[in-house]
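Chain naming follows the written order as A, B, C, D and E, and within any one chain the residues start at number 1.
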Amino acid sequence: MITLRGVTKRFTGPDGPLTAVDDVDLHVPRGSVQGIIGFSGAGKSTLIRLINLLERPDSGSVAVDGTDLTTVDDVELRRRRAKIGMIFQHFNLLANLTAAQNVELALRIAGVGKAARAARVAEALAVVDLSDKAGAYPAKLSGGQQQRVAIARALANEPSVLLCDEPTSAVDPRTTVSVLSYLKEVNERLGITIVLVTHEMNVVRAIADDVAVMDGGKVVEHLRLDGSPLRPETEIAQFLIDDRIRLRSLEETHVG
Amino acid sequence: MITLRGVTKRFTGPDGPLTAVDDVDLHVPRGSVQGIIGFSGAGKSTLIRLINLLERPDSGSVAVDGTDLTTVDDVELRRRRAKIGMIFQHFNLLANLTAAQNVELALRIAGVGKAARAARVAEALAVVDLSDKAGAYPAKLSGGQQQRVAIARALANEPSVLLCDEPTSAVDPRTTVSVLSYLKEVNERLGITIVLVTHEMNVVRAIADDVAVMDGGKVVEHLRLDGSPLRPETEIAQFLIDDRIRLRSLEETHVG
Amino acid sequence: MSAERILAALPEMAEALGETGIMLLITVPIAVLSAVPIGVLLWSSGPGGPSPSPRLHQVLNAVVNLVRSFPFLILLIAMIPITRLIVGTSVGTLAVTVPLCVNAVAYLSRFVEQNLLQVSPGVIEAAQAMGASRLRTIWSVLLVEARPGLAGSITIMVVSFISYSAIAGLVGGGGIGDFAIRHGYYRYETGVMVVAVLVMIALVQLVQLAGNLTVRRLDKRL
Amino acid sequence: MSAERILAALPEMAEALGETGIMLLITVPIAVLSAVPIGVLLWSSGPGGPSPSPRLHQVLNAVVNLVRSFPFLILLIAMIPITRLIVGTSVGTLAVTVPLCVNAVAYLSRFVEQNLLQVSPGVIEAAQAMGASRLRTIWSVLLVEARPGLAGSITIMVVSFISYSAIAGLVGGGGIGDFAIRHGYYRYETGVMVVAVLVMIALVQLVQLAGNLTVRRLDKRL
Amino acid sequence: GLAGGAASDERTISIIATDSPPYHDPLEIARDQLEAEGWRLDVRYVTDIVQPNHAVSAGEADFNFFQHGAYLQTFNRDNGTDVVPLFYAVGSPAGVYSTRYDDISQLPDGARIALPVDPANNGRALHLLAGAGRLKLREGAQVVTTSQRDIVDNPHRYSFVEVDQQTLTQTLPDVDAGFLFSRQAIEIGLDVEGAALLREEDLDAVPYRIVVGGRPDEVGSAKARALQAALQSPRVRDFFKQFYGEWAPLPWAEDPQAQLGQWWKDGGR
């Protein structure tokens, strides 16, 4: 269960201050899948990084499983983070570790014993269909393979909350299906709470229970995906929901 | 016009040699848009990197605009490359240059005079809707914004061939439309030849004239997108073309 | 006559090489073991580091600079009481390793700091997100990613120290550099000096080669 | 009495500081300007570099190692004929800058090589894909990305050279390090030495501070 | 050697010495003789000129062999040490030489003169020039502590450059004149007496004789006697004769303690 209340994060941009996340309230019930969509630069990555406090909010509170993380000490924060898996938009793999070692690192950090690790690494790599690349270093992997290592790393730990920042941006439809199926499965079986940033609407449709639409740092709309037809109110949502690409609409959509 | 003949590229994988691109023939007529799809690790990035000789083929020939690039000397290769734009899967921006400076670098390398550069940088950034981030360094940009800088950098040069490796993987639908519209426009107006690797079928549908389907380093099928209904023959192509995500098909699709 | 002198000097040269060996064997491990934590602290307490602490950073910075400000001879002299306390004497090979270590630690700490600055911030964030403790982050992430750079820096330091032993001779520290200077400079036995310098060159080439190979083996980015 | 002696030594100390200034002003620019191309060649000709050339790499590597093998004192003596040829004399501040430069170039070349090894291969590829010439890649991409690291390395070198001038005294080179040793050590004017060392510490802190600020200003990754 | 602990056992003579020919070769000759007599000679060569006195004073070595009497006297006064000159090894005369001029009168105004940088000999060079009336030093300046600061009048506007003893020979061509020890003049092929612009009058000036130093309790000890016998043997004499020529000053019979004491009482100049 995740509850953000009045969370705001400011950066210094090239010309003056910039509010990346602007007074956001968000409640993600335990065991549900929360989608986040929005234009590039809307603040999605910043928002998801606020949940495990990789960015400290300038104001507002961030509660995960009932505890306000902004108030706990370092040790407790670390303990909490060990149960919050994260898939980064830029993968952030260690260049000097093999795929298997990268996954194992997460287990070592979580304090999993040596004996148990090998099996879980193998299992996690199998989920993303990378068993044959266990011994390869990231520089020798294709983009999608790197992303899959990052996914395996986040999954290996059996987290109770999973933060995914565009987890399938670099992978083909088959891998996307495979990853999403697994996410759905652990979500349903183990009750893992998932927050998922993506720009692919079919991904959202496939597993999200609720979608938050972000624009300019604010959550401007919520869409429930309970099977009933979507009726987006904001223009942005309408645009994002429609994933057919109509190039003729250039004049209207091209903002540059 | 791009012609690959019997192109093969091998790497040393974690367990033995690995043929990333396997005896590929590919002909892309001048002014057409060639899509390349395939599963993660199929060899798409390697193939596109073979076209501007970032990877030297182990065998086969690579001809761009009638000249076999594998036979020309360094100076000539550089001259050719200046007319071949490239958008990398990992962006490859210079961390110590601002967005504008990153774009300007491409122009400086192409020998564009100082006076002309500023205008063209501004123009290219406008195309990707990043004018307000001209002065920002990559580390301060969102993932999509970084990708857009990379796109602007490749476009600024007005190349005659454009190699795009998942150019819209990190950007939202609106930016995707905007980028693709621009690509289509320059393709039609200036006759630029485009090779586009992607895993998003709607992107392919929107602008490609022909799609090559890769699997295990080979081009296993070609699909023409001339408006007639697609009839993919290989299973892979059938899977890739269908971009609805059906998680229930997990059992059949999950290969791990 | 020169050839004869060279032959006569060979046993002494072997001894000098042994002394250089001892100096390196004592100094390098101590320097590495001490400089890594100091460099890590310098980096992590610095602005932009993971736990900025201006006070600690300033103090460490000042201490490292302090040591690096001293010409080696003055450091050696100033440390004599401490040296005597630690190894019981102020002259000889063992005695000179004490100031040599202190100097090496300061020198290498800066290298370590510099190498850590090159590690991509993204992987450090990844470790933090996994709930890694500070120590774990340093040990399993930071040092792993900085490993090739560190190996390069240590190589640079070892090479410096091979010729550094020249100064050790001031207090009878011995070593091949001192041997070269005593014979070539004080005794005008140019032949012997040339041989000694050739030995040093061979030694340096060897160290550099080993260092380069290690760096290449550790660096997995290409 | 000590205070009086210190006062009396002040003009000479100022002169020594001036000599250190001259040494640094001559040595550092020359070292930077020569070491950057040498370091670039070392890197680019090396295995994994953009234009591997085992022969060139080995030769450069050997030359750099050669210079670094010499204890500075021997280098200084061995180079006297060359020094005389270049600056017309073998004694004095100017004369000592010649071996100092040679040593600095070798030292810094390695740093440059090491910094270039840290640059992400991706941006170099990007430059190649844009059709950049080798020189352009080096100048506009490689050195731009390595800039913060280079600034750090140059800082380390300058700091080393402040105390290095101690050895310059052997041929009348002067400098603040030499001053400290002559007065404090040989003439037992501990007060004067302490003041001189304090001045050196201040100088080193200043250089390091300026260096750190520069690195931070140049590094845009955070 | 790998030096440990303090002044070794009964039959080992430990000594700290400079590694130049007039020190090194006699010691190696002495080593043979001592070993024949059942002694072990433990030599530690250093290049520094401060620590050897401290080391002997602190009992880390029995003897040292690197300095002349004048330096030792002044060192003791300035550092509160009590190292005693036990016996002489050899005289070490010096002079001012030039590769450009044949006579001191030719030395032009504004000439550049090289001095040894070490205090033991720096003042010595200045006193040579003062003695020849080329400049004036402060009244009562003692040789070892004299430096350029003690020059009160420099009518010929000489400028001085201070270099290491050992580089004096190599740098001589670059200066108008420079201080050299006689042995150095020999080494670079100069006529020791003929080529000198100035020479210490007394070839064998008492304060500049090289002494072997030790703690006061070594005076007359078995080790001291054995070492003296070995360093003043016929073979060592032959070596010095060969090294310096027939004029080699070897005042072996004289008592350095008494002579230097007297010199010191006389004002140490």
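In this section, a residue touches a chain if its C-beta (ideal position, glycine included) is under 8 Å from a C-beta of that chain, and two chains touch if they have at least 3 such contacts.
It should be emphasised that the depicted structure is a prediction, and the values quoted were computed from it without experimental measurement.
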By that same contact rule, can you tell me which chains touch chain D and chain E alike? C
When every step has to jump to a touching chain, what is the lowest number of steps that links chain A to chain C? 1
Taking touch as defined above, what minimum step count separates chain B and chain C? 2
Relative to chain B, which chain has the most distant C-alpha mean position? E
Specify the chain most distant from chain A by Cα centroid. E
Between chain A and chain B, centroid-to-centroid distance (C-alpha), Å: 26
What is the distance, in whole Å, between the centres of chain B and chain E, each centre taken as the mean of its C-alpha atoms? 80
Length of the line joining the C-alpha centres of chain A and chain D, rounded to whole Å: 48
Separation of mean Cα positions, chain E and chain C [Å, integer]: 36
Residues of chain B that contact two or more other chains, please. 90, 139
If you look at chain C, which of its residues touch at least two other chains? 73, 77, 120-121, 148, 181, 185, 219, 221-222
Touching two or more other chains, which residues of chain E qualify? 50
Every chain pair meeting the touch definition is listed as A-B, A-C, B-D, C-D, C-E, D-E
Per the touch rule above, chain A residues touching chain B in the complex are 11, 13-15, 37-42, 44-46, 89-90, 98, 125-136, 140-145, 147-148, 165-166, 169-178, 180-182, 184-185, 199-203, 205-207, 239-240, 242-247, 249-250, 253-256
Considering only the defined contacts, which chain D positions touch chain B in the complex? 120, 122-123, 125-133, 136, 140-141, 144-145, 147-148, 218-222
Considering the complex alone, what residue numbers of chain C touch chain E? 15, 19, 22, 73, 77, 80, 84, 88-95, 169-172, 174, 178, 181-183, 185-188
For a test of understanding, state which residues of chain D touch chain C in their complex under the given definition. 46-48, 61-62, 65-66, 68-74, 77, 107, 110-111, 114, 117-118, 120-121, 148-149, 152-153, 156, 159-160, 162-166, 177, 180-181, 184-185, 193, 197, 200-201, 203-205, 208, 212, 215-216, 219, 221-222
Looking at the complex, which residues from chain B come into contact with chain D? 52, 54, 77-84, 86, 88, 90, 92-97, 105-106, 108-110, 137-139, 157
